[in-house]
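The two complexes that follow have subunit A in common; it is paired with subunit B in the first and with subunit C in the second.
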Partner chain A sequence: MKAGLRQTRSVWGNIFVYLMLALFGAFFAFPLVFAINHAFKPLNELFLFPPRLFVQQPTMSNFQDLFAIMSRSRITFSRYIFNTVFITAAGTFGHILIASMGAYVVSKYRFPGSRTFFKLVIITLLFSPHVLAIPRFLVMNQLKWIDTYLAVIIPAFAMPIGFFLLKQFMDTVPMTLIEAAKIDGAKEFSIFWRIVMPTVKPAWLTVMVFSVLNLWSAQATNFIFSEELKTLPYALSQIIGGGVQRAGVGGAVTLFIMIVPLIVFISAQSNIIETMASSGIKE
Partner chain B sequence: MSENPQTQINAGQPKKEKKRNFLSQKYHNLDFQKKNAIAGYLFISPFIIGFLVFMFLPILESLRMVFSEVTMDLENNRYDMVFNGLSNFYYVFQTDPEFNRLLTEELFRMLLSVPAILVFSFFVAMIINQKFKGRSFVRSVFFLPVILSAGVMLGLETNNMLLGEMRSYVQQNNAMTNTITNVLEEILISGGAMDEFLYYVIQVVNEIYGIALTSGMQIIIFLSGLQTISPSMYEASKIEGATAWESFWKITFPMISSLILVNLIYSIIDYFLRSDNTVMEKVTSEIAKMDYGLSSAMAWAYFIIVIIIVGISAGIISRRVYYYE
Partner chain C sequence: MEESRKMTFAERKKWFLYDVKMSKTYYLFLFPYVLVFFTFMVLPVIISIYYSFTYYNVFEPARFVGMRNYTTLLLGDDVFLRSVTNTLLMALITGPVGYLMAFIFAWFIHGLPRFLRTFAVLIFYAPTISGNVFMIWALIFSGDQYGYINAMGRNMGLITGQPIYFLTNPEYMMPVILIVILWMSLGHGFLSFVAGLHTIDRSQYEAGYIDGVRNRWQELWYITLPNMKGMLLFGAVMAITQSFGVADVTVALCGFPSTDYAVHTIVNHLVDYGSLRFDMGYASAIATILFLMMIICNKYIQKFINRIGS
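Here is the complex of A and B:
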């Protein structure tokens, strides 16, 4: 949005905006503030009754404990981190590529079956992973993908939610843009890759955030059984499961696992704002 | 560019005819519509394959379970199904003590909270789309609930002894539902700042809090939609003398209307799949009892009702959606 457009807002308008932001912001930030404070609480404060929101005597001992436990684990901890990073990166990249290719043609091309397929995707959005866990396991078993990365990565490619979001955003891309590219002699794939994808960058960044969130927190205990292929959230949840004395470590773990999706979002969201100004949707 | 002599020379030469192999020659000779269809299928086929194998096959399998008595054979990683008609449904609706009650409760709560989520997220998206200092920080703050609610926390919370302890403290002291605001409430009570009125306020806030926590993704979707509206439209309307109120209803609202539909569907689905949804809890508990026929029947019954609601509300809204061409 260009400067000068919204400059007319009055002082009271500004006060209203900031007041609303402060009010809602406090709501939204409460769990994070709680989690951060938790991570730094010494053990005696953690079990204080009634509980307090803010830490009185912050300590790093929770993190020291966490790293001590990590270094003692049977499989080096970097292996768990690698597993999760690999699954997240591969799954997200593949999902964005495949889902946006599909979404592009459903949105902009007419061919038999495309509408029906989209309706089918919307319907399947409603299926809970719990309900599908058993049949899905059997499919994986048939494919001999049990206990491999593939069992987690490949289904992530076909997540219907990303397809749905991308298709809706691509509907807003003007057809004239694509036609113009076609007249200039662009091939099908280069229209998709060099015209449509940059235009809907905010959409796939949103999908990216969503997918990273999903995969980063995947415990994947249904499909992966060998210890050296297990994911970080699984390893961390094992650490927390150790009993009451691990309560402080639990706070540290929560903070640790929250931080990556948060960073991904913060870096993506500045981009979401930037792209629209230069996108070409402008008439 | 036309001043560049190089381009002019190139433009003057006849275009070099490319050699084509048999297949691409055949493709070249097809008419426009057929080309379009072939390109369409090529683009979408990876997604369709993945979708069929990992979503559609399992769904069909679970549909078969609905009408069967399922017995697990854990040693061989397989199960046996015996067709038993509608008896799973009879059990779910007539014998099961709580399914009907849970279902009506959840549907009612959904009908109340989805419009509230839509209004709330639209309002917040409008506010954080404005220009002010620290905007990117504020946007990140508003995304927190999405991160906190998306499995990361839910998965950990159940294992986290500490939050479990806290919950049991809170539950012992008052028998309300266990949300994180109860901890806040607990702090207020112990601070002596708690009377009848404040108690009521806390209860209202509890509901708002639930709505706020579930509308993070919807805010993001609305926000990215608001970004796509070209500023020149607002400029033009301003020059024509439209007030901010008018340009909201004549520009912002129609331009964002397709995303209202998206968010409606998304909110219903999100509500449907949330792990604190009591019907889903019921389904998961049946799965834990290894009763797959019954749990599938419950999930499908719930699913069919929700799909009807989605269909009706999407049908009403999509008539009013404005597509910008």
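Here is the complex of A and C:
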């Protein structure tokens, strides 16, 4: 990128940078390596003293045990999987659709309230779901949504970071593109759907990843009480809760929960970086 | 704009209504998002403020109690004050340190060849997205015979006699939690920085060198950082959200409640009253105080970031 300038960093500077990255990289990767190895350890290695980081004789038995427990559960396991997949898909699709529509008009047109609304969205970036959980429970209670899928899906539509990233990215789409379509007689919705959405694909792919990451790990125990509506992370956490005899299975579960978001992220990484390039908050 | 200043109030109102009328399509586009956003992001805050002045246990109608929840919180609840101290300590350490780490790593990574860069971004970002892999830290720091660090310490002769109870001895709990939070704190801000460094135009650096920028530090302060103000603000917002909202990690590692409330956070306290004791009024007061803390913190950081490069 800036080849001419990189020369200004001395050899020692380069060595320092690589050394720091390797050192901290190891710190960041350590628990992940640990989790991966843990999942393939046979029972005698799990309880070896002193414990070892790397597995000596890898085995699939933890995964087999996991499937055995799954097939014995009172509610068939496919039900938990369905719940999580359904919640994730519906929440993500709905969010992208309505947030993109809103982001499009806020980004491309100026109308009374549009600026103020976007400022409000930026403020709500601060509120973590934990802080909102209790008043949200009261809202759900009024709507009679407690113990339904809606209680998890609909709030996911509101995810402010999605709206924020979409709007910021749409700011980079030239207005001339939209005006040209208008001259050709296109209606607002078809401009949005046929021209803007394909152009901002990196943005909605990114938002899709963030939304999936968010919903995939949702335990949703605050809002859902019926066993048959509960999510996969919840069911898996119950399996780990079995204590010492479940240690191996626990390792398998942790690996399983970890691997899905990582794959999703890797597959969209270049799109995500492209989108984050317009993530700056302007005054 | 020149004319608008001369308009009377009635005229301005007329024009405003005209604007609104002309923007009907836009409102239609925005409406679905506004509806869910208002119901699940704004309304909860308003509800929190409202119920914070009441006694409300969900089963009986709410009863107005004035400032009682706040006075109890600030004057009569030692555990809350403990949780505020803990949260502030976590926020003041992991917020800025995590933020700086995110920037420094992004800056370092930026100079790497493409393949290594992709890999490094993944390694540093993975802890943020890998679900509850932070549970692994419980194994690493565990005080029983399966604890990894205790075993290593013993092998090297650093730990003799009793193992160190990292997760239940209040002396060690806070540092352990800080390490784990820092481990997972790079977050969206980090990605934003990586992308931001990427977009700065090379010609700006060249111009900078002509104008007398002499070394990499001046380059960073006068060119790179001012160009990334927006990303820096975004990263700050993300850092605040994360460092003030710590809750899952303390429960997973140190249990709930933790020994002597040594790592009890405001959100832990909120969950305790809201989800376990069903004292919604009290929980709402806690939430309201937390909202205020976050917004004030955000204001100060904004001011600070706007001063960069001047």
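Structural remarks
Operating definition for what follows: the second predicted complex is superposed on the first by the 222 of 283 C-alpha atoms of A that agree within 3 Å, B and C clash if a C-alpha of one lies under 4 Å from a C-alpha of the other, contacts with A are read in each partner's own complex, and residues count from 1 in each chain.
As a working rule, a residue touches a chain if its C-beta (ideal position, glycine included) is under 8 Å from a C-beta of that chain, and two chains touch if they have at least 3 such contacts.
None of the values given here were measured: they were computed from a predicted structure.
Contact with neither subunit B nor subunit C is seen for A:Val11 once the two complexes are overlaid on the shared chain. In the superposed model, A:Pro202 lies in contact with subunit B only, and not with subunit C. When subunit B and subunit C are set side by side, the one touching more residues of subunit A is B. Once chain A of one complex is fitted onto chain A of the other, the partner contacts of A:Tyr104 extend to both subunit B and subunit C.
In the superposed model, A:Leu21 makes contact with both subunit B and subunit C. In the superposition on chain A, contact of A:Ile183 is made with neither subunit B nor subunit C.
Legend: residue contacts after superposition of the two complexes on their common chain; A:Ile134 is shown touching both subunit B and subunit C.
In the superposition on chain A, A:Leu213 makes contact with both subunit B and subunit C. Of the two partner chains placed by superposition, only subunit B is touched by A:Met175; subunit C is not. Residues 1-2, 5-6, 8-9, 14, 17, 20-21, 24-25, 27-29, 31-32, 34-35, 38, 46-47, 49-51, 53, 98-99, 101-102, 104-106, 109, 111-112, 114, 117, 120-128, 130-139, 141, 154-155, 157-158, 160-161, 163, 188, 192, 210, 213, 216-217, 233, 237, 240, 254, 257-258, 261-262, 265-266, 269, 272-273, 276, 279, 281-283 of subunit A lie at the contact with subunit B in one complex and at the contact with subunit C in the other. Subunit A makes touch with subunit C in their complex at residues 1-2, 4-6, 8-9, 13-14, 17, 20-21, 24-25, 27-29, 31-32, 34-35, 38, 46-47, 49-51, 53, 98-99, 101-106, 109, 111-112, 114, 117, 120-128, 130-139, 141, 154-155, 157-158, 160-161, 163, 188, 192, 210, 213, 216-217, 222, 233, 237, 240, 254, 257-258, 261-262, 265-266, 269, 272-277, 279-283. Residues 33, 36-37, 39-41, 43-44, 46-48, 50-51, 53-59, 61-62, 65, 77-79, 124, 127-132, 136, 138-148, 150-153, 155-156, 159-163, 165-166, 169, 180, 183-184, 186-187, 189-190, 208-209, 212-213, 216-217, 220-221, 223-225, 227-228, 230-232, 234-235, 238, 244, 258-259, 261-262, 265-266, 269, 272-273, 280, 283-284, 287, 292, 295-296, 299, 303, 306-307, 310, 323-325 of subunit B are the ones that touch subunit A when the two sit in their complex. Interface residues of subunit A, counted against subunit B in their complex, comprise 1-3, 5-6, 8-9, 14, 17-18, 20-21, 24-25, 27-32, 34-35, 38, 46-47, 49-53, 98-99, 101-102, 104-106, 109-112, 114, 117, 120-139, 141, 154-155, 157-158, 160-161, 163-165, 168-169, 171-172, 174-176, 188, 192, 202-203, 206, 209-210, 213-214, 216-219, 233, 236-237, 240-241, 243-244, 246-248, 250-251, 253-254, 257-258, 261-262, 265-266, 269-270, 272-273, 276, 279, 281-283.
Subunit C makes touch with subunit A in their complex at residues 16, 19-20, 22-23, 25-27, 29-30, 32-34, 36-37, 39-45, 47-48, 51, 58, 101, 105, 108-112, 118, 120-127, 129-137, 139-140, 145-148, 151-152, 154-155, 183, 188, 191-192, 194-196, 198-199, 202, 205-206, 215-216, 219, 228-231, 233-234, 237-238, 240-242, 244-245, 247, 267, 270-271, 274-275, 280, 283-284, 287, 290-291, 294-295, 298, 306.
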